[in-house]
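Next come two complexes, and both contain chain A; in the first it sits with chain B, in the second with chain C.
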Partner chain A sequence: MRRWLLALPAMLMVGLFVVVPYLNIVVMSFRAPSPSAIYGPGFTLDNYARILSDPLYLGLLKDTLLYALGTTSLCFAIGFPVAYHLARTESRWRGLLYAGVLSPLLTGVVIRCFGWIVLLANNGVINQLLGLAGLGPYRLMYNPVGVTIALVHVFLPFMILPIMNAIQSVDPRLSEAARTMGASSARTFVRVVLPLSLPGVQSGVILVFVLSASAYIIPMLLGGGQVSTTPTVVVQQLMGSLLWPFGATLALVLSFTALIVVALFGAATRRAMRGVA
Partner chain B sequence: MARLRIERLSKAFGGVVAVQAVDLDVAEGEFVSLLGPSGCGKTTTLRCVAGLEEPTVGRILFGERDVTRLPPEQRLIGMVFQSYALFPHMTVGDNIDFALQMRGVRGDEAGRRIAGVLDTVQLKGMEARYPRELSGGQQQRVALARALVAEPELLLLDEPLANLDAKLREEMRFFIRSLQRRLQITTLYVTHDQSEAMIMSDRIVVMFGGRIHQTGRPEDIYHRPATAEVANFIGQANMLKGTVVEWREGVATVAAAWGRFRCGTSRPVPEGSLVTAMVRPEALRLANGADRSEMTGRIVARHFLGNVLDYRVGLADGTVVCVQAMAGSFPPEGATVSLKIDQDKVWLLR
Partner chain C sequence: MKRFPAWLIAFNALMYAFLLLPIAIVIPMSLNAGEYLAFPPQGFSIRWYVSFLNSEQFTSALLRSLWLAVAVAMLASAIASPAAIFYVRCLRAGREKFRLTMLAPMLLPEVLTSIALLFFFNQLFFGKSTIVPLMIGHVIITIPFVFLTVTSALYNMPPGVEEAARTMGAGPWAVFRRVTFPLIKSGIVTGAMLAFIMSFDNVNISLLLKPLGSSTLPIQLFDYLRYDFDPTAAAVSTISLTITLIVVLLIDRFYGLRAVRF
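Let's turn to the complex of A and B:
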């Protein structure tokens, strides 16, 4: 039995359902629009020219990346301490904590969004409670705040799990050794634990960044039409305006931009990860 | 360099007592080993001295300084772990430099010290290597260099040789011991390997079940063990049971079913008390046949060990003793033999 044969089913899946559609989109992005068909005859660079010259679409791309960066930073800031605790705790509640971390993945994204709407709406639970204290009401949704809250909630596990795995594989003796050499617990963290957990941080950051840059349902439902990101506009182009070639181009530009950001991030962290793992 | 004092140290984890009322005084420049089977509390004791565990009861003093409640970073210690605990993301030089930086040594002085300590552990020129590029023995020496470079008051070693192969372990024993002698650094060494403890230590502390059974020089521990556990843990021991018939000035005469023997003791024992004495295999000699010797038995097993033959001899009261004889006369299994006992080497146990 040749070993590559074992990979064949997965390769077929990837080939059929990822590579072929992607190539299809690439071809589509060079097509001209047509009022009567999905696309018109011949090939054109107009779609790319339009996106790269129109401040509207460039601004949209910038907003999308800012949402992704904001979500990623918040997920890291909130997720790292949780990951550290989960990796090191010997508490009997560990299993429960772990389930809590995974809980955002246990229901569908639409249901979760409605949950957030119940909480964040102008007459929602949070504003009612604030009202009792004589505060508000505040606008917590149909704006970037609501979208970011929901994005962070949904993608947090993708930050926590890889970091937790990385910290678990760091020998606790390393921290102890640093302490015996005169390092305070804070310096031990900065000089030993953090650098050694970088592989997990790297995976977590990339996962959350890519997922939140391409998120559609959350900005759609919690943005309530007031928040536009590249994915929401792509869907508008496909479903609303039926401009398939332009939608395809927009989607590709977003993918490519995200790829560049990930590559830059990879290059920046590679140096810091020399000798790790 | 400092004197280390441990006073009435106890440590419990939850309801489980790991260390109980341990007292120990280590003189300046002395090399003391904590020896015992796994779970005897030796590592917990060491970790309390390092500050990695907080004692439940008791005090730890470096010189006159009470460090009991100080975190490890304020104790001026160097520690070597069984797994070496080298930082994988730092080069050898950076690993050692870390210890200097944390003590505020930087620049040229740091460079000089790193080169110096690498020379001491025979790893000259290895600064730029990463730990994973080194052999186990080399990693071990980097860990040692890292522990020593900041000139700590106290060197703590937790089974540092356990992960090395036998030949390297042998070499490193002598290496660490001669380095410690040269630097005159007060050292506490944890091991479960009795020959390691014997070769390296000025004094050995033998622990079982969280308690110290005996503290003494290697020859004291070997020839005059305090308890049966100590006697059995350090080399082979034959246990002889009997009743004391006479005690005079540190020598007791004991009557057993198979005869009488004399044994040394450090305490007075009342006549008529039931006691156990121990004698090492090399203090027994075999002679063919039952002569007028006071000790006769029957050979129940015989094993060839190369340089010696190992005999198991059953005595009249059912005790089986181990005797080692130079390969030569070969009394067969089942033969009746007499045993000569070197009476200076029999020791009464507590």
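Let's turn to the complex of A and C:
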């Protein structure tokens, strides 16, 4: 039986257009730059040395990680209550609420950014409404505030959905048992629901962190040139100037740093989850 | 029994507003008669839709995005569905490795994937004048979605129906055509529609891989928004939202939105 032929087209696609290009990008990061071609002859470590010694790129990396950390924390603080309600509600509006959580995922990122521009601009909806109350106008976009708001909005579903799935798989009778035995509702939450939902929290945090560290459309549109993160600089380098080896190195250093953060987070939460998952 | 404290309900209501408001706001903006994106709208008008229709750049980008998304949806489901069948029905050893390989394009950052593809194509195959690299990029990132929906359709099949057909004398092909395929068709269709949405809305891949001189609708809108804020952008967004909404409603009818999982 040659049943593996079923998987052949997909394996070929992923192998040829994911694995090979990713290996290629690693090779590219070791190439020497050239003023006339895409890259010069020979291999070098200069690209890495330049990034790791230049305060400009290190600062950029730090900013990117701070945006990602801030977005992740806000998504968790906002997402957990929504996920908890959505997992436990028996309301007949449940389907509609679920669609509401999914809606940012199913809308293009440019449209979502445009929506935020309409809301946050100096003469935008929010400032107009504040103006009626005699406040403002406040500068809400083309700065880190606007970028963070949009990042949280775009990636919130990736936090809510895994947490919701985790809470759904926690037997509600466990909380009831804790309540019967005299635990307050707050204590039940902290000692029963929260620890048991940690696997969902873990995947939500990792997803949101990685996605927001590599976002570039949102900082470009809501930062309006005032906000630079590593991905925006990479894309500008690749589109404007043809500094491919350097762009490749910058992208890889960012991904690698994000990977280290995720691994540390994974190790830290694994201890907390011992005996849960 | 009161299940949720009032503050939780109130907090969540605010958060749903936060989720929906930026998406919903573009619709009234597109029907605004005023010259700028003013609020409250200054009267009702469809002039910005007329302005959209008169813009050759926007209309051709819309058509390009539509046929591209259809092609990507068909290719991704044709490639990923057999792989999902192989994974659920045939594969014994190395299952987790195979699953991760199929899901890799979804787990890897899209920016990195698009940069990798940009280098790869420019070095080896194509110049910047064909849409093939863009299409391949879209197919790559949509394969995981079809794989997931078809896999879950296969797991949700009533157990034993395939064996029953086989015991009653049907050959492997007849079993597939008469039993398996009809039962997983909704999974394939849902996956294809998700692929359509992902391709239709994609910016990360398209921005770097788009052919010179022709762009997709999201890219055209992206370029437009960097210099201009007039309500034509709102009209374009509303049209794009409507197309996505129709597809979402179709998914909901076929399979239920619960199929959209991550």
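The working rule: the second predicted complex is superposed on the first by the 264 of 277 C-alpha atoms of A that agree within 3 Å, B and C clash if a C-alpha of one lies under 4 Å from a C-alpha of the other, contacts with A are read in each partner's own complex, and residues count from 1 in each chain.
In this section, a contact is a pair of C-beta atoms (placed from the backbone, for glycine too) under 8 Å apart; a residue touches a chain by one contact, two chains touch by 3 or more.
Remember, predicted model here, so these are calculated numbers, not experimental data.
Asker: For A:V227, select first, second, both or neither according to whether it touches chain B, chain C, the two together, or no partner.
Answerer: It touches nothing on chain B or chain C.
Asker: Between chain B (first) and chain C (second), which, if any, makes contact with A:V253: first, second, both or neither?
Answerer: neither
Asker: Return first, second, both or neither, reflecting whether A:V201 touches chain B, chain C, both chains, or no partner chain.
Answerer: A:V201 contacts neither chain B nor chain C.
Asker: Regarding the shared-chain residue A:I111, is it in contact with chain B (first), chain C (second), both, or neither?
Answerer: So A:I111 only meets chain C here.
Asker: Kindly classify A:H153 by the partners it touches after superposition: chain B alone (first), chain C alone (second), both, or neither?
Answerer: A:H153 contacts chain C only, not chain B.
Asker: Check the residue A:R191 against both partner chains and state whether it touches chain B (first), chain C (second), both, or neither.
Answerer: first
Asker: Using the superposition on chain A described above, determine whether A:L243 touches chain B (first), chain C (second), both, or neither.
Answerer: Neither partner.
Asker: More residues of chain A in touch with chain C or with chain B?
Answerer: Ranking chain B and chain C by residues of chain A touched puts C first.
Asker: Which parts of chain A are in contact with chain B and also with chain C?
Answerer: Overlap of chain B and chain C footprints on chain A: residues 185.
Asker: What part of chain C is in contact with chain A in the complex they form?
Answerer: Listed in rising order, the residues of chain C that touch chain A are 3-5, 8-9, 11-12, 15-16, 18-26, 29, 36-40, 78-80, 82-83, 85-87, 90-91, 98, 101-102, 104-105, 108-113, 115-120, 122-123, 136-137, 139-140, 143, 147, 197, 200-204, 207-208, 218, 221-222, 225-226, 229, 233-234, 237, 240-241, 244, 248, 252, 257-258, 260-262.
Asker: Give every residue of chain B touching chain A within the complex, in rising order.
Answerer: For this pair, the touching residues of chain B are 50-52, 71-79, 81, 83, 85, 87-91, 98-99, 102-103, 130, 132, 146-147, 150, 156.
Asker: Along chain A, where are the residues that touch chain C in the complex?
Answerer: Residue positions touching the partner: 3-4, 6-7, 9-11, 13-14, 17-18, 20-22, 24-25, 28, 38, 78, 81-82, 84-85, 88-90, 95, 97-119, 121, 123-125, 128, 153, 156-158, 161-162, 165, 185, 207, 210-211, 213-217, 220-221, 231, 234-235, 238-239, 244, 247-248, 251, 255.
Asker: Note which residues of chain A are touching chain B in the complex, please.
Answerer: 171, 173-174, 176-185, 187, 191-192, 195-196, 273-277
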